[in-house]
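Below you'll find a set of structures to go through.
Next come two complexes, and both contain subunit A; in the first it sits with subunit B, in the second with subunit C.
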Partner chain A sequence: MSVSSSRKITQILGAELGKLVTLPLIWLALMWTFILNLVLAAAFTSVGLQGAAGTQSVLNIGLASMGYLQAGFIILGILATCSEYTGGQIRTTLTTIPWRGFQLSTKHLALAIITIPAAFIIATSGVLYTFFMMRDTAVVNEIDTMIQTLVGATGYLTLTTLLSAAIGALLRRTTPALVVLLGYYFIVSPLTRVFLPSIKNYLNYFPDTAGYYMYMPPSSDEINVLTPMQGTGFSMLWTLIFITVAIVFYRKRDA
Partner chain B sequence: MLTINNLVKHRGTQEILSGISFKARPGRVTGFLGPNGAGKSSTLRILLGLDRATSGSALINGKPFAELHNPLLTVGTALDGSGAHRMRTGRAHLRWMARAVGLPRSRVEEVLELVGLTNAAGKRVGSYSLGMGKRLGMAAALLGDPEILVLDEPVNGLDPEGIRWIRTFLRERAASGNTVLLSSHLMGELAETVDDVVIINHGKVVADGTLEEVTGNHFTLEEAFFALTSEHAGDTV
Partner chain C sequence: MRAFNAELSKLLSLPGIWLAFLIGAFAPAVIAALDSIAQKDEIIAGVSTRLSEVGYIGLGFGVQGVIILGVLAVSSEYLTESSESSGGQQITTSLTVVSSRLHFLLAKAGAVTVISILLCIVAIMTTVSTTHLILGEYAPAFEWSRLTGAICYWSFTALLAFGFTFLTKNGILPLAVLMINSSIVSFSVLLAKVTKLAFYLPDRAGIEMFMFTSDRSHTPITGSIFDRFYTPLTGGLVMFAWVVVLLMVAAIVFHRRDVAS
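Showing the complex of A and B:
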C-alpha cells in the first residue's frame, strides 16, 4: 500500500470518527445504555441476594442484563448509519468521499473503534457492581473466566452494533431499522424459540443465539450446541454478510 | 471544464432526463435554468456521482466524479439545504470534511469567516435559519478552494447582502479562471451573474448559449425563459 493510500485511509477514518463523536445522539445512546445497564444489574443483583447463598455466580447475574443491554448497541449502530440521511448529510459525505464501498467500510471500522471500549466498560460495570454487592454470597468466578467472558460480551455487543449499522445502511431510515432489529431480537427470535421448538436447533446459528455462546461460560446444566469460538465465528459471519450486502446496495443505488 | 454528454435518466417507467448535453467552461459562470421538475437537480446529482445515469456521461475535467483524486479540492458543491446533520454544529460539520481531505482546522475558520458564520459556528445546524444553512453549504463548497463550483439555488434564502456577496464572489471566481455552474429560478439574479445559460424543460435542453444568445430578441432573460419553457418547449436555441 502506498504512503498516499495509507494517508487517505487514515484521513477518512479520522473523518468518520469525527462524525460519530460530534453527534450528540451517539453519546446519549451510550450514556443511557450505561445507566440502564447499571439499573438492571442492580435489579438482578437484588433478586440474586434474596436467593440461597452459593447457588449463583457473579458472571451469571452480572451479565443477566445482556439481553436488554444489546438494545442500546442496536440503537447505536442504527444511529451511526441512518444519521447520514438526516439534513442531506449523505450528499456531503459522498461528494467528499465518493468511494462508496471504502467509505461505508471505514464507517464500520470507526464505529467498532468507538464501540469496543464502550461495550467493555458497560459490560464490566454490571459485573463489577454484582461482584461488590454479592462477593460474600455468590460464587466468584476465576479472574481468567471473568476476563474471557467480558471479552466475549464485548465482542458480541460490537458485532451486534456493526450488524445493526449494516441494516441501518440498507434501510436508510431510523424507525424502520429499529422496528426490524428490535422486532427480531426481542419478539421474533424469543417467540420462535418458544412456539417453534422443532427449529430451535437451527436458531442456534442465528446472530443473536450464536452470539450468546460468545459470553456465556459453558454450563453442565444445559446443552451447549456451540463453543464460544463457534459462536464467535457464526456471529462474525452474519455481520460480514450483512455489511457486504449493505455495501453492494450502497454502491449500486442512488444516494 | 464540466462536460455533460447525452445524459439519460430513467426513474421507474419515467424518463426524467432525455439526452441532456452542455458544457460549463473555465472562466465563465454558467446558469442552469428550468422549471421545477425539469431535471436540474437530477443532472447535478449525476454530475456529482450521487445518482447513476441510465446512459450518457457527466465528466469533470474529463473524468467521472468518483475518479477524481481528491474531489473536495477539485469541485465545491452546495446542493439543496446545508448538507449537515441537524444535531451537529456548523464547525464540527466542516471539521470532519476538512479532516477527510487533510486540510488544517485553520481552513475551517477561514471559510466560516468568509461566509460570515463564525459567530454561529458553535451552534447546532438545526437552529440555523434557511440563509445560515445556505452559508454553511457555501462554506463547505469553498473548503477545498476548488477550481470548480457546482451550486444548486445558491441565493435561495439569502438576504440582499448575502445575494450581493454571492454574485460578486462568483464573478471573481470566474474572473480568476475557475468554472462555476449554478442553478437558480431567480432570473433577475441570474441575469446579473452568468455569462452562459442552459435552459432545460421536461428533461431536455431547450436553450444553450451565452446570455445574449439565449435572451435573443426578448427584453429580459425571464421573458426568454418563459417563452422557451412554455410556448416552444422542445425547440433548442
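Showing the complex of A and C:
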C-alpha cells in the first residue's frame, strides 16, 4: 500500500497522540502536578507574605515552585516513552509503523503538543494564585514581562519533558530513568552549584541551569550570565542532542 | 525465617537493585568529598562553622539508595509482566507461597531493613575514609552515637519508602516524592517556614539523629531554617512513630485489598 508521505506523518501523529491521551498515568501525573503546584504556590505565598512588603515581585514567588514543578514533567516525559516497554506494546507499534526514526520523532512531537498547553496552564495557575493573594504587598510586574516569563517557563518545561522522554527511550525502564533524571535535577545539579562555585560558569551550559535563564525574572539582583534567548538555545541544543542519540540507538537496537 | 530468606533472595536479584547499591554506597562519599574540598581551607584555618557536619552531610543526602531499595522491593511485586508472558504479577505467586499476608509483609520489611543497615555501614565506611583522605589530620572524629543515628535514619527512610509504596502499588509517586524530599529543595524545609508543625515530619525529625549537633548552625545551603529542634533521641522517636504508623496503615490496607485490584 503506498501512502503519501504527508498523509503518513499525520496518521502516525494521530496514533501517537491517541496512545498518549489514553494513557491513564499521564492524566494522573498532570493532575497531581497541577494540585501540588497550587499547594506549593500557597506555601511560597505565605512565606512571601511574612517577608517585608514590596520587596518581592509576584513572578519571583509565583515561579518559585518551578523547581518542584519540573519533577511532574520529568515523570510525564518518562511515562510517554517507557510505557511502550512495559508489556510488549513496542512490538505492536513497530509492526504497524516500521519506520523507527519517524515513529520516535513523531512521538516527541505528540508529547510536545500535549505538554505545551499543560505546562502553560500549570505555570500560569501558580502565578495567578500568587497575584491574587499578594496584589497589595508585592511588586506587580508589567503584563509584557509576565507573558514573556510565562512563555519562557512553558518552553523550559516542554524542553525538560522532551529531554526526559529521550532519556526514557534510551534507558527503556521507568525506575532507572526516573532515578537518573531526578538525581541529576534535584541532587547533583544543586549540590555541585553549592560545593564547586569555581566551575559555576560551566554549569550555566547544562540543560537545567541554561533553562533556568529562560524564565528567571529579569528584575533579579543576580547577574544574568545568559540572556533568555541564549538559555533557550542551549537547552534546546541539549534536548535535540539527546533526542538524536535516542533515535540513533532506537534504530540500531533490538526492540 | 524461610519467608525472610526468600525475600532477601528476591530483593538481591531484582534488576534495578544495582542502582540502589551503587548510589547508596558511593553517593554519600562523593557528596562528603565535595563538601570537604569546598571547605577545606576554612577548616584548616579553624574558622569553619560546620566542622561537626562534615561527612554527615553526605549521609544525609545519600539516602537515595535506600529509598530506591524500599520502593523497588514493593513495586517489583506489582509490576505487570508483558502480555507475552501472560500478564501476571509476582505478588500472586508470592502470596500463594506465603499465604499469611502479615508474615509476607513482615518478612519483606525485615529484608529491606537488613539490607539498608548493611548498605549504610558500607556507606559510612566509604564516607569516613574519603573524609580522612581529603582532610587528613583535620578530619573530625566520627562518634558512634551519631553513626548509629545515621543507620537508624537510613533504615527508617527505607521502611517509609516501603510502606508508602505498599499504599500506591506504583513506584513512580513514592520515588519522586521521597527523592525530592531528601534533596536540598525539600518540601519539609519549605513547609517548616510556613508552620512549626512541619518539624514533626519524618525526615525533618529523623535527620536530627545525626545532623545539627550545634545549637545554631548556619549553613550556606540551608540557612537558619535548620536550627536544632529536638535532641537526637526524640528526633529518632518521632521518625520511628511515623514508620510504625505508616507500616500499620500499609498492613491494614494490604490485608483488606484484593490482590488483583
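What we mean here is this: the second predicted complex is superposed on the first by the 250 of 255 C-alpha atoms of A that agree within 3 Å, B and C clash if a C-alpha of one lies under 4 Å from a C-alpha of the other, contacts with A are read in each partner's own complex, and residues count from 1 in each chain.
Rule of thumb we're sticking to: a contact is a pair of C-beta atoms (placed from the backbone, for glycine too) under 8 Å apart; a residue touches a chain by one contact, two chains touch by 3 or more.
Please read all numbers here as calculations on a predicted model, not as lab measurements.
Looking at the shared chain after the overlay, A:71 reaches subunit C, while subunit B stays out of its contact range. In the superposition on chain A, A:88 makes contact with both subunit B and subunit C. Looking at the shared chain after the overlay, A:203 reaches neither subunit B nor subunit C. By the touch criterion defined above, A:98 reaches subunit B but does not reach subunit C. In the superposition on chain A, contact of A:112 is made with neither subunit B nor subunit C. Contacts of A:176 after superposition: subunit C is touched, whereas subunit B is not reached.
Once chain A of one complex is fitted onto chain A of the other, the partner contacts of A:49 are absent, as it touches neither subunit B nor subunit C. Applying the stated contact rule after C-alpha superposition, one finds that A:245 touches neither subunit B nor subunit C. Residues 25, 86-88 of subunit A are contacted both by subunit B in one complex and by subunit C in the other. Contact residues on subunit A toward subunit B in their complex (touch as defined above): 7, 11-12, 14-16, 18-19, 22-25, 83, 86-89, 91-92, 94-99, 252, 254-255. Within the complex formed with subunit A, the subunit B residues making contact are 45, 48-52, 65-66, 68, 71-72, 75, 77, 79-89, 92-93, 95-97, 99-102, 125-126, 140.
Taken together, the subunit A residues at the contact with subunit C in this complex read 25, 29, 32, 40, 43-44, 46-47, 50, 67-68, 71, 75, 79, 86-88, 173-176, 178-179, 182-183, 186-187, 190-192, 194-196.
For subunit C in complex with subunit A, the residues that touch the partner chain are 15-16, 19, 23, 27, 31, 34-35, 37-38, 61, 64, 68, 71-72, 75, 79-84, 87, 170-173, 175-176, 179-180, 183-185, 187, 190-191, 193-194, 220-221.
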